[in-house]
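Here it is, the structure in full.
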């Protein structure tokens, strides 16, 4: 048995949730599961349809982007995952052990419109306290240099410039492209991607109903977020 | 066997309809079933995924908000249910024995837009004779005081000020949040939540087709409502 | 065995397609199957959920609206079916032996917006050569007189005034209410209701993409309709 | 066994993906599989519901439009397939061995609006490097002459006038009608039709969110397309 069995199983299970939650068509999308101590993550192989995935087909990659175990090529988005784990999990020390990229319909639509998703209601505030950030386009130089790595750098620099805490704001739209989300586990990353898709759908409906809709007052945002996530959270079982 | 077995079974069955009718994702949403004579209701435990629910996991709560039976924490929205049962079922004496809260996509979208849902057609009028009311935001003071209880108070005061009869208008949008519905049984509360979601979807479509769409004439509203609900109702079997 | 066994079986089977094709929620909607020689039709009983329907529960009604066979109340919309069979099938002699009423989401939305559905494309023209007609609201007098019968009269008078042939234009929106469709059989009536729902969805999308979208040129409309329905039709098997 | 067994199996399998991928209702839509060496293709019989299809029911047609094998009439759109294979596969020598026509909801909506689908994001650019072309309406003369053949001619002339390479741009909207797509195999044609539908949905959402949304910069378009399709493509397994 592989010494990376645990993260391979986590990654396999989380990847299978992409079609189950309708977050992407065909082979699109990918999830990784990170082992911080070992400094490696398991990720979906590139271009393989979900019904053909197995635990053994997961590819284990280190934080230099080198394949450590596995017979297949890792997802083409692997260098983006490398950057996000290095910056957010290792350098910033945040509790992030899962990352997901999808092409879910409504989240991609906001990314294509180059607009952050406004925080209109408590469904959104239950999960993050800010609008869902949306990066500008990558520069031509960045695209020509090392596209997937630069996508990670763009997310990180966007978070730095907005002073967002990636342990709290666990989702980002890459302008013209689509969403990356993350979480304490690969499962929670998938959960966040499904939340984002629902919030993106509701927000489009909201501006269709009322083009001048205004954001939720901050005192309600904070209340909802903190009842689920603060030190005195009282949602769920202890 | 619990002496609250009946309401626990009703609450369990009704809660399982939330995912079946696509009224919320994951652990979101909750239904309660009320025993007016005993002055208690059974409600979903907080934060538990639907596939893990059992009859025994339902939590029984009295109208002071105290847990009477059950090993788990009740839904964080329990104080809202307490207020609605106390005011509408006990104080006003209405035949209300089930309450539901969901995050269904289209109903939440109108709540986020802070707009009551106009009464555009007979699908709506078959169920209620008014637009679906939408409260303003809770005040900052109310949020800081006792958020979930105040949410119930807000619904009640909104109904009082609009002179709405909660036995007839069995649904309300909480501005910036989402829908609460109720009914003579927990099952009927779920039914009303599903009706609301469909009506909310149709109403968004209607204003997209015709931004100047006007409400259904009141004589058609009354006819449709009364053929289903009036003393001479002739819809359904006797 | 009932002497109306054939139409009861047709009506049962066609009614079960309403939930299968997602044309209405819960107990909403109804289909009837007509036996022109016998002058009776079988129709869904009022207010019964689809999973509880059986062939035997279908109610047989004559063209005076009297129940000829069956233990349950017929659909509350039965008088509308009576009028349409009397006028279109018997008086006009058209080959119409099935009628359906649904509350399908997008068709209802156009009815609520009080707008006929423009003929934008060949999906529509494959089935009818005109926009989908939409009646005005029923008058207050008509509603107070005999609501369901008057609904039938309204459809008929709308068709007469527009000089529409109900054998060709087999669908109508009742303003503020929803669609009635019909066909040579109960099955074909259901098919037409499903086509209408798809056409209604596409038309809403079309005006969202281009508010100034124009109707399909009549020479394409006629070509598409006639290749399926004209004397030299060449769609399908002989 | 038929000497056309392979393309009949390919055509059967690909046609069954039309309902599986929700690309058309009832009998609508059709896929063909081409054998370039033999100069024939297998296609869906006209007007047959998908659940009734079998491998043996596929109709084999040559590039003059003559039925070479099969007991049923081929799809009424067969002359369009003939033109596209003759022009794009034989005359232009492109690797195209599958063609599909659907009435998928969102792609038809853009065709009805007579608008090419703008290239807003990487989901689109992963597959084609241009907006999805949309032809003008067929002329009245063309419709009266030979409608389905002229539809093929219209697509071909539109591609010639825009200097589009059909091996790269493998999808086209026919104005007022709907999409035709193609690919190296019948399976890949279906895949392209499903991609088109998703891209069409996302693009409608995008202009709803931001009516002034602008196309993706060409350097990102080219990067995404080439990482999947260029000589140095690195998406998927080798």
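First chain written, first letter: the chains are A, B, C and D, and each begins at residue 1.
What we mean here is this: a contact is a pair of C-beta atoms (placed from the backbone, for glycine too) under 8 Å apart; a residue touches a chain by one contact, two chains touch by 3 or more.
The structure displayed is predicted, hence computed values, not measured ones.
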Between subunit B and subunit D, the fewest steps along chains that touch one another: 2
Where subunit A and subunit B overlap in contact partners, by chain label: none
Interface residue overlap between copies subunit A and subunit D, same or different (over half shared): different
Whole-Å gap separating subunit C and subunit D, where each centre is the average of the chain's CA atoms: 33
Approximate Å spacing (C-alpha centroids) for the pair subunit A, subunit C: 47
Two or more partner chains touched - positions in subunit B: 208
Chain-level touch network, classified as line, ring, star, complete or other: ring
All chain pairs that touch each other: A-B, A-D, B-C, C-D
Of subunit C, residues touching subunit D in the complex: 120-123, 191, 194-195, 198, 201-203, 205-206, 208-210, 213-214, 216-217, 219-220, 223, 227, 234-238
For the subunit C and subunit B complex, residues of the former touching the latter: 25-28, 45-48, 72-73, 76, 103, 105-106, 108-115, 137-138, 140, 143-144, 147, 176-178, 204, 207-208
